[in-house]
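Next come two complexes, and both contain chain A; in the first it sits with chain B, in the second with chain C.
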Partner chain A sequence: MLDSAILVRRQEPGFARNALCYAGGLAAGLALSVLLLVWAGVPPQAIVNELVVEAFFTADGIAQTTTAAIPLILVGVATVITMRLQFWNIGIEGQLWLGAIAAAWIALGDVGPEATRLPLMLLAAFLAGAAWMALPLLLKLRWGVSEVISTLLLGSVAFLLVQHLLFGVWRDPATGFPISAAFDPAERFAPLGWGQLHAGLWVALAAGLLVWLLLDRTRLGFYAKAIGLNRTAARAAGMPVYRSIALLVLGAGGLCGLAGAVILAGTEHRLNQSVGVGYLFSGIVIAFLARSSPLAAMLIAFVVGGVFTAGGVLKVFYSVSEAVVVLIQGTVLMTVLISHFFSAYRLTRPTWKTAP
Partner chain B sequence: MMPASEHGRPPALALRGIDKAFDGKPALSGADFSLAWGEVHALVGENGAGKSTLMNVATGVYAADGGAQSVDGRSVPLRGPGDAIAAGLGMVHQHYRLVNRFTVAENILLALGSQGAARSLREAAALAAEKSREVGLSIRPDAVIATLSIAERQRVEILKVLLLGARIVILDEPTAVLTDGEAEALFSFTRRLAGQGHAVVLITHKLREVAAHSDRVTVMRQGRTVLAGKPTAEISIAEVARHAVGDPLTRVERPLSRPGAVCFTVEDLVVRRDDGTVPVDGLSLSLCASEVLGIAGVGGNGQQELVDCLAGLLPPAGGRITLSGDDLAPQSIRERRRRGLRVVPSDRFDAGLVRDMSIAENLALTGVREGRYGSALLLNRRRMRDAALGAIERFAIHGAAPGRTTGLLSGGNAQKVLLARELDDGLKVLVAHSPARGLDVKAAQSVHALIKQAVEQGAACLLISEDLEEVMALSHRVAVMNRGRIAGTVPVAEATPAWIGERMIGHA
Partner chain C sequence: MSGFLIGWLAILPSYATPLLLASLGLILCERAGVLNLGPEGLMAVGAMTGAATVLLGADPWVGLAAGIGAAMALSLVFGLAVVVFRADQTLAGLAVVAIGLGVTGAIGRPFVQQTFDGIAGFGTAAGAAGTAERLLAHLNPVVCGALLLVMALWWGLTRSRLGLRLRAVGEDPATADVAGVDVQAVQLAAVLACGALCGLAGAYLSVAASHVWVEGMVAGRGWIAVALVIFARWEPRRALLGAVIFGGADALVPRLQAIGADVPTYLMMMLPYLLTLAVLVGASLVGRAGSAEPERLGRVYLRQDKH
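What follows is the complex of A and B.
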């Protein structure tokens, strides 16, 4: 008798099943995260307080969470773009650093009149992020060099560049610390009067909506879908494959650069060595959890922002390490990805009769 | 009721009432099969009739939902392929399972090692050499798989199966990738194997092979056994075909149109690969409006490269491609398509369709850039949907809805999606590469009917196919491609098998 169960692939899982499996994966991930935190020494009632109530249900908490979500929205939708094209950008932080450098350069050098200073910072950051993406893109399109390697390595180069500047020409003259001088008020986003929340939120929301329109409603988005799913067929259908990839991938790099400028102009108001840390991993987590949908990415960026906020509190009050916060993101990512398996397959138990 | 073999032994393999469903859709419903020792048994049916599924159940690859199986009279419950191997069942799959960078001996060791039948490379090589002598397959154990021909790789697979102790050998569409000569060699080998007491199952949809090379035939249709173990000598090809298809087989007819003026020419076309090989080497041909020019030939003589070059996917190293007087060689893929050159590639989910996009999106794949589905910026999804509904009805695409994923369609219906797109307005020259490959008889007929209709409406068609029957049935003129060139072109009435055969194997 055959007693082991077997797997059968579902042809069309259906929306309800997908949603249910996704929710189940999310719940399992959160449950595991709670266990992790308890194991790390956080009292259970504090977890509920900090992680859920403080981050999502108090006015201060929501302001904090939303503030953290602003750059996450930008790197999240940027990663959605590259993921649609099956272009694996592991250099999110590199492009973000370059954007931060460009914004700081405009701000510290007082380039242009004050009225256009902030828009100029954003523009420069976008262009710098795109430019940092240009080399891996060229290598990939021209010689087939793996973008995973080139973007990842250029990320480290970007960080060395930041250190070079902060330990050199941009070292704070007032304190001598390796941080840049503080930005002038004209180089900062206006506060919205609710916690640390600032006008950069509108930039992120607008960028997210634009990406959604671009990918789901425009011709270029249609090309991107076809190219990502079957590049040969897209080419044989007469689509402008290289141009589409170049345009979208550079745009994604630009959005990551923009995230750098938004962090500087929104919350930090100066360049330091920690503004870009953690965004590579978060951007990928967000895009995967959103199943490469820009709108879902914006929502999930908010949730991940909450994890950032709660993580900050947990770090300070319960001496939980930064690694645990990353671990929580990773755990939720893994369980949601695993949940996809249950919507794609089902278990059956075959019935074998013995031959007479 | 169990037909005992002429040796009075229990059947080598008996499958009774096998059920198997994939995600609720039945692939087998109560299928029976009985195989005797010492025979070559043909298992025949259209694509999707359940032949391969039934044999995959027998060899433990799929677990049946119900039914019983016995080998040599003993019941064998299968928990996986390992149990089937232990019971003496071996299957050579359509797609070989060999590591291309390994040698023959290394591949054998890989297969035997887990069974404990060979412990070292030297032992595996010795076993391989001994077995290949015993059964008369010439294989060098130290040859690297990548350097072997398809036929030789098949022999390695057979050897592997035999070394694993198979007494029942199942060959899944073994001749699909072989030349006629290679197929002959394979059949004389299976005959020898049966003579040595093995039982051989030949899964095929080529009816002529059945007549010439099997002792008995079992026909399957829609997951059921419709003809069980009939001696081949007592049945005609037509009768087997009638069982397989369900209704009388009607042959495809050539388009009724008369060829018009020359509209498409290829002159001295050369395609050079990066590795220095020249798969298309000075090929010339001309094609008239309302004409089908069929190009026969053994696969691998530059057909794929010719198609890719005409499509614009591979740049030519020299020569001219002229459509209505304009040179297309320097033109982009899009421009060729605009001028009426359309290509149906042999692998529809490679260069034709996007498996994970919807049917509406696939139908719009080429038209979006031409502005047929919205402006340069925005996409008009409603127009895509309406166009898809129209195409689904006009081309009778079964199981299709505009929003349904294309990969879920059967091969024939997916091919209709591709044809619906390519036969669209403005078609002048259709390059069709094995358009009915992998399709069952009915689906192949409807694909041929669509091509016929397009040609009768004035299009020219370059039909490149390894299926000689297809070429002979559809073409006005027949050409043979050999080593990257056209080895000769004649009107179809003069294309005798001898004429074609000579050019196929001759060194043109």
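What follows is the complex of A and C.
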């Protein structure tokens, strides 16, 4: 249909073209989002005020945005790891839920002395997240089963598990609501004295930097890059393909689990049904927009955090559904995906060899 | 006990039909080699548009058509992105889900929680109704149409020339291309058909099954449909079986609650997902011959990559 002109992959798109296409896609996505928001009944003035000024240029807004960015950094860099390996983790929320369950289990059961309670929660969450990734990883490596479906399925199972616990043993005895009892002070991150901002920020930043070092400065990171580009070639070159994938993918699952613990210990201080919602799209969007760079992912997590902040404000003051956050993410993801075409391919006319 | 069984059988169509319709659409799409993770978003769009159209005064059947149309419009965006612009199918599918959930949440606000007269069943579940009446209560023309569609799709995919072309595109687009099949046209058509069926599935939820729309109504059914296709191994008749099993498991929960049985609701709701996982593991244990997945599912096709 459209192949009468031939589509050719560009071998080296060049920085300027890449940047231009990326910026074009981003701008188109944001413009479309604004149009959709206006269609949904948000006054244009409010969009500018909340999305730009409130979220990024007021002290309260920045505190709120940074707080929202803490778990986003974790899922963002985790997704960067899996994206580098071309391993599709659609179960980000599943690992996050498992991490949250593990952290809540430590906190509610008062496991260990108070001094080590918080580190123990983080460790348990990391391990739980990694464990939830183990089955999809095994299926993928051993039998080549698509990780898209297996991680997706386990994500839904994890959410049902949370509901089972919240409507069962962990239901708040005081109110009967499906939320767990509140955590003790020793099980919370210390506030930094600026809005809701808490010490979990250091955990997220450290994890982000660690991932950056791991991916861009170590041999394992080099293997990851090679495996993502061409697994067969990496294997032929004698790289430990399976071991590298296993280690990194389990680590990514762990980071998603850690995000769950950080949300609980940082802002919610209890387990409820909404702590993990929205992190699948966020993780994917952050890693994709960051072009699989951990440092860029941390920056973009901050921007997405701003969208979360604005979404919360729009919900309260303009009674627009929180779904606008997902809407903006989806629209931008789609337009940047499409814009990638213009830097990755070019059209040529077929050249006909004339018969002698 | 028989009362319980009849109650369960009666509501089964309401639970199984949306799953069936969406998975039939997905089978079409994936048999043509396009991995589509979008049903959750497409169904949300179908459900919201269907309900909104009826609430604005249209006939329920027009509502269904509107739901189909809206989901097809979103599918067209997806189709253009993955077929024409060669975008990554996994990411584009997720973007469709995000857009679908986002749009319905953002603009559906005025229509939330308003009941309306949707498509009625053949029978009635009212107090004095007899067994036959109650069994027919949740059956309607759409359910019958879905059953006919199963056979039509099975026949179309395995016995017709068009079906052969569609499967060829999914298995080996380069060869299909050489044989004169327009790969992109087939894939675009399959994506649109999938959008239509997912839209119908969503509109069925609001216009036919519950006569009301709430945000988050699809509640994971789109993801179950994605899983169901694997359970059904990309075969329409097995999709019917899968829809009855998955929908049946879903329908069991409210019935058991209705008779006051103390059951672990959420553990039971895991069943469809765990079943699908078991099928995934089982299929891989059987080996490569056991994999029914279309060979080029999810891959970008470029004519000059021909081998």
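FYI, the second predicted complex is superposed on the first by the 332 of 356 C-alpha atoms of A that agree within 3 Å, B and C clash if a C-alpha of one lies under 4 Å from a C-alpha of the other, contacts with A are read in each partner's own complex, and residues count from 1 in each chain.
The criterion applied here is as follows: a contact is a pair of C-beta atoms (placed from the backbone, for glycine too) under 8 Å apart; a residue touches a chain by one contact, two chains touch by 3 or more.
Source: prediction; values computed, not measured.
S.K.: What is the contact status of A:Glu322 with respect to chain B (first) and chain C (second): first, second, both, or neither?
M.R.: The second partner, chain C, only.
S.K.: Under the stated touch criterion, which partner chain does A:Gly193 make contact with: chain B (first), chain C (second), both, or neither?
M.R.: A:Gly193 contacts neither chain B nor chain C.
S.K.: So in the superposed three-chain picture, is A:Pro113 touching just chain B, just chain C, both, or none of them (first/second/both/neither)?
M.R.: It touches nothing on chain B or chain C.
S.K.: Could you figure out whether chain B or chain C reaches more residues of chain A?
M.R.: C
S.K.: Touch check for A:Ala40: first (chain B), second (chain C), both, or neither?
M.R.: second
S.K.: Answer with first, second, both or neither: which of chain B and chain C does A:Pro173 touch in the superposed model?
M.R.: neither
S.K.: Of the two partner chains, chain B (first) and chain C (second), which one does A:Val8 touch, if any: first, second, both, or neither?
M.R.: both
S.K.: In the superposed view, which residues of chain A touch chain B and also chain C?
M.R.: 1-2, 6, 8-9
S.K.: Can you check the complex and tell me which residues of chain A touch chain C?
M.R.: Against chain C, the touching part of chain A is residues 1-3, 6-9, 36-37, 39-41, 88, 90, 135, 139, 142-146, 148-150, 152-154, 156-157, 160-161, 163-164, 167-168, 280-281, 284, 288, 319-331, 333-334, 337-338, 340-341, 344-345.
S.K.: Hey, which residues of chain C end up touching chain A in the complex?
M.R.: Of all residues in chain C, those touching chain A are 35, 37, 41, 77, 80-81, 84-88, 90-92, 94-109, 182, 184-185, 215, 220, 223-224, 226-227, 230, 264-267, 269-270, 273-274, 276-277, 280-281, 283-285, 293, 302-304.
S.K.: Which residues of chain A touch chain B once you look at their complex with the stated criterion?
M.R.: 1-2, 4, 6, 8-12, 217-219, 221-223, 225-226, 229-230, 232-240, 346, 348, 350-356
S.K.: What does chain B use to touch chain A in their complex?
M.R.: 14, 16, 22-23, 25, 63-70, 75, 77-79, 311-313, 332-334, 337, 343, 345, 349-357, 361, 364-366, 368-369, 374-379, 405, 408
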